[in-house]
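Only one structure is covered here, and it is reproduced in the block below.
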């Protein structure tokens, strides 16, 4: 430490002598002078050298494929040490002058006038300014609209009826994510995600969730009496609130004392009653979960018996609320 | 106004205390060490389970309004009994409460006796013996995401639904996971061998085991919950340090 | 002429650009030195780190939703079907040296960027720095804040992991919920019904990597230029500051090492976090599919206010006959942020009305000096914060056992009642503090007068009193 300080002191002295020798006639200073602080300088030098070491450590760690933690720690440490050095410089080695000056003028009325006059006087040759203005506005508006029109190519924006479509049709088999058909016997006490056979599983209308209820528990809306063969009900798996997959199934084992059977969405906890046709029990969903009518074919496979009871997914303007 | 708020807050905060009112104390038979396992099982059942689960496990709903009720246990087998006892889910004070993991008050011998008794009430599945070592973590991850993540969170850190909590699985042993998957305790769905085969269950458990100490290549895992703890680090660590740095650099104090 | 290593390059540049007068002015530009003026710089430096780390990431990320099967080094994902986008991000994390460091630093920088802007905005708001002649600067700042929110959302959604995929579905739901135009708008942006055209990934990518950073950079430049053109505001702290007289530290040599030091400190914190604290472990979430969901999915913190809004609104779609007119997500997901933005944008005009001051303001208020603004601001902030807080009710169910439904019902009323209480309390506190200062000042003046009266008479002096 003392050796470093002496070194720094020598360096400073040598430079001062050189400066004095070079400029015997000193001009008035712009920046105020300040007292040297060799200890601070020494500290800065040490910090910078440590920062260099940390940076080298980073390169070594990179080359030797050490963990992300070492990489981040080394680089972060190096930057922190440089920061510390700079802050010492700021606190102790540069003069912190406290100066005062005038705020600039808020506005320059003379120049504002001149600008306005330039524009106004340039119109000396125009006789039908308003008509020309209207024409220009019309042209600008029309041209602007024309330039923006190709944005419609981004998507089928003009035909929102597409939002109503789903891949489900009467007769389509229900399959799991590996394409294997569901039979009625497959549906036991859990919840089952199914897709229409041959369709795109990623489409918002594709995923459905199946659960089995005791047929005596069902209280489906009128007209859906045949939608749940053997007590198996199917609903769209996409929440009618904002579009997340309804991935929770609340299935009580002791119904007298435990919460009712329901499908719950993990995003905002909309809760749907599976026994009453997907009605909303709690949460922000504004529409019941659309139900898909089911049938069991001769071979025991489950098939859709028609389309959904209502639009699938989040609501939009004009959509039929069901 | 302030009084109303205080009362509301107190009521809300008081609610959990009521909801998780602890397990009732165990009633043990006299001369326990002299009893055979069958007798011990029967007597422990009589003293601790019968009032809710009924004589010979036939179930009971007569005391439902005060929470003294329980489903029938005939045919649930050793599997269910073992699960509920080793996790401390049972005995439960009030049938309306969600069972929570507790240190079992019955010791291993007592538990075995009760399990034996309940298994004797009817034919039911035995305690499973999963082999997660034979499972595939990748297959397990996919199965877990499909069937479990909706409640238990994709990294098995637990979650909630309306009306129940889905506990984190960090303390669930492979046997407990195997049992829970088949039983579907409380409001959890029950997955049969047809839904998740025993081999698939091994993979699922392998994933749950992995999820207890997942590869945190990025450093401190902050509970693997995502943006919630990340936001806390942003404000309570990063911003504290950075604003602190600003305060250190700049001038403090403003007076007229 | 003797060679001067300092003057020669300066002369070289000045003779070819004429920049010396500007450089002289710039070097001696005065900064007020209160610490709260550095918050905007924290945001700026976070942006620098974002761009630097972001450039690295763009050289590895594949913005494609085309399917592939993973066969890389992370075992739990082996054999899983995923998009190229997700796969490239996982490989960047595990197989590219320093890849995970840059990914995490970039993500931490985004979180800190928005946090710093919010802190800076709070300082601007509660000290009245948005007033004439700085209204445009303020509006540009608001634009940058909201653009930053969008930019962050796109950034983490591009990766096509389960968590962000769920967030994108919600974004689709919110877009759909806009009255009249929602269906059209969502179809336009996504290129079709959800999940949309594969080109949607490219749209997110080019927006996040080129369009919005370019706009942000331009806005930052404009913002800084305006700040410098009108000069900083300042607090009055006894050094003679007035609306005409600016007191501060010159950029060079005083302020420069401090600012550079802050740049290094910000970069340091971000890289330390990037290496030591895991963020967005996408390999744990797994790839996104429409039919999948996980519990506990949240957006990044700066969108937490929106999830709170979406969770709090009771379950109703506004329906006329059997046609939906206002779907539910509109209130919490679209109207709520629009109202916040509108109030913030209009604030400089509203403020003029309620404080009655229309002139130029170069001196800042302390919060107590503008009780109405402080009261409204704290109330407004509390409102937003409580909605944000309500979005974490699931976690509080886990920690404290208070039922989720009970919390939601509490907050449905609480987010309106509590801010009103806070506003009234803040107003009263400001007035009380002002009163206290007035009383103190009167007391001090009285004491001084008493001292002067009881002191022996002084010889005649030519200085005026007071």
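Couple of notes before you dig in:
Letters A, B and C mark the chains as written, and numbering starts fresh at 1 in each.
Everything below uses one rule, namely that a residue touches a chain if its C-beta (ideal position, glycine included) is under 8 Å from a C-beta of that chain, and two chains touch if they have at least 3 such contacts.
What you are looking at is a predicted structure, and each value in this text was computed from that prediction instead of being measured.
Taking the mean Cα position of each chain as its centre, C sits at the greatest distance from subunit B. The chain pair with more C-beta contacts between its two chains, of B-C and A-C, is A-C. In this view the innermost chain, defined by its CA centroid being closest to the centroid of all protein CA atoms, is A. Here the CA centre of subunit A is 33 Å from the CA centre of subunit B.
Between subunit B and subunit C, the centres computed from C-alpha atoms are 40 Å apart.
One simple way to say how far apart two chains are is to compare their mean CA positions; for subunit A and subunit C this gives 14 Å.
Residue positions 146, 149-151, 159-163, 217-219, 245, 248-249 of subunit B are each in touch with at least two other chains. Each of the following residues of subunit C touches two or more other chains: 33, 100, 104, 258, 261-262, 265, 269-270, 273, 275-276, 292-297, 394, 404-405.
Residue positions of subunit A touching 2 or more other chains: 68-69, 72, 83, 87, 90, 177, 193, 245, 247-248, 266, 269, 282-283. Considering their complex, residues 31, 62, 65, 68-73, 75-80, 82-87, 89-90, 93-104, 106, 151-152, 154-160, 162-163, 165, 177, 193, 195, 201-207, 237-238, 241-248, 265-270, 280, 282-287, 313-322 of subunit A touch subunit C. For subunit A in complex with subunit B, the touching residues are 67-69, 72, 83, 87, 90, 177, 185-186, 188-193, 245, 247-254, 256-259, 262, 264, 266, 269, 271, 281-283. Every residue of subunit B that touches subunit C in the complex is listed here, in rising order: 1-2, 5, 8, 12-13, 15-16, 19-20, 137-142, 145-146, 149-155, 157-163, 165-166, 207, 210, 214-222, 224-228, 230-231, 233-235, 237-239, 241-243, 245-256. Contact residues of subunit C toward subunit A in the complex are 28, 30, 33, 97-98, 100-101, 104-105, 133, 166, 169-170, 172-174, 176-197, 203, 229-231, 239-240, 243-250, 253-258, 260-265, 267-276, 289-297, 307, 310-317, 319, 322-325, 327-329, 332-333, 360, 362, 394, 404-405. Interface residues of subunit C, counted against subunit B in their complex, comprise 33-39, 42, 74-80, 93-94, 100, 104, 108, 111-112, 115-116, 119, 162-163, 235-238, 258, 261-262, 265-266, 269-270, 273, 275-281, 283-286, 292-301, 304, 366, 392, 394-395, 397-398, 400-407, 410, 417-418, 421, 437.
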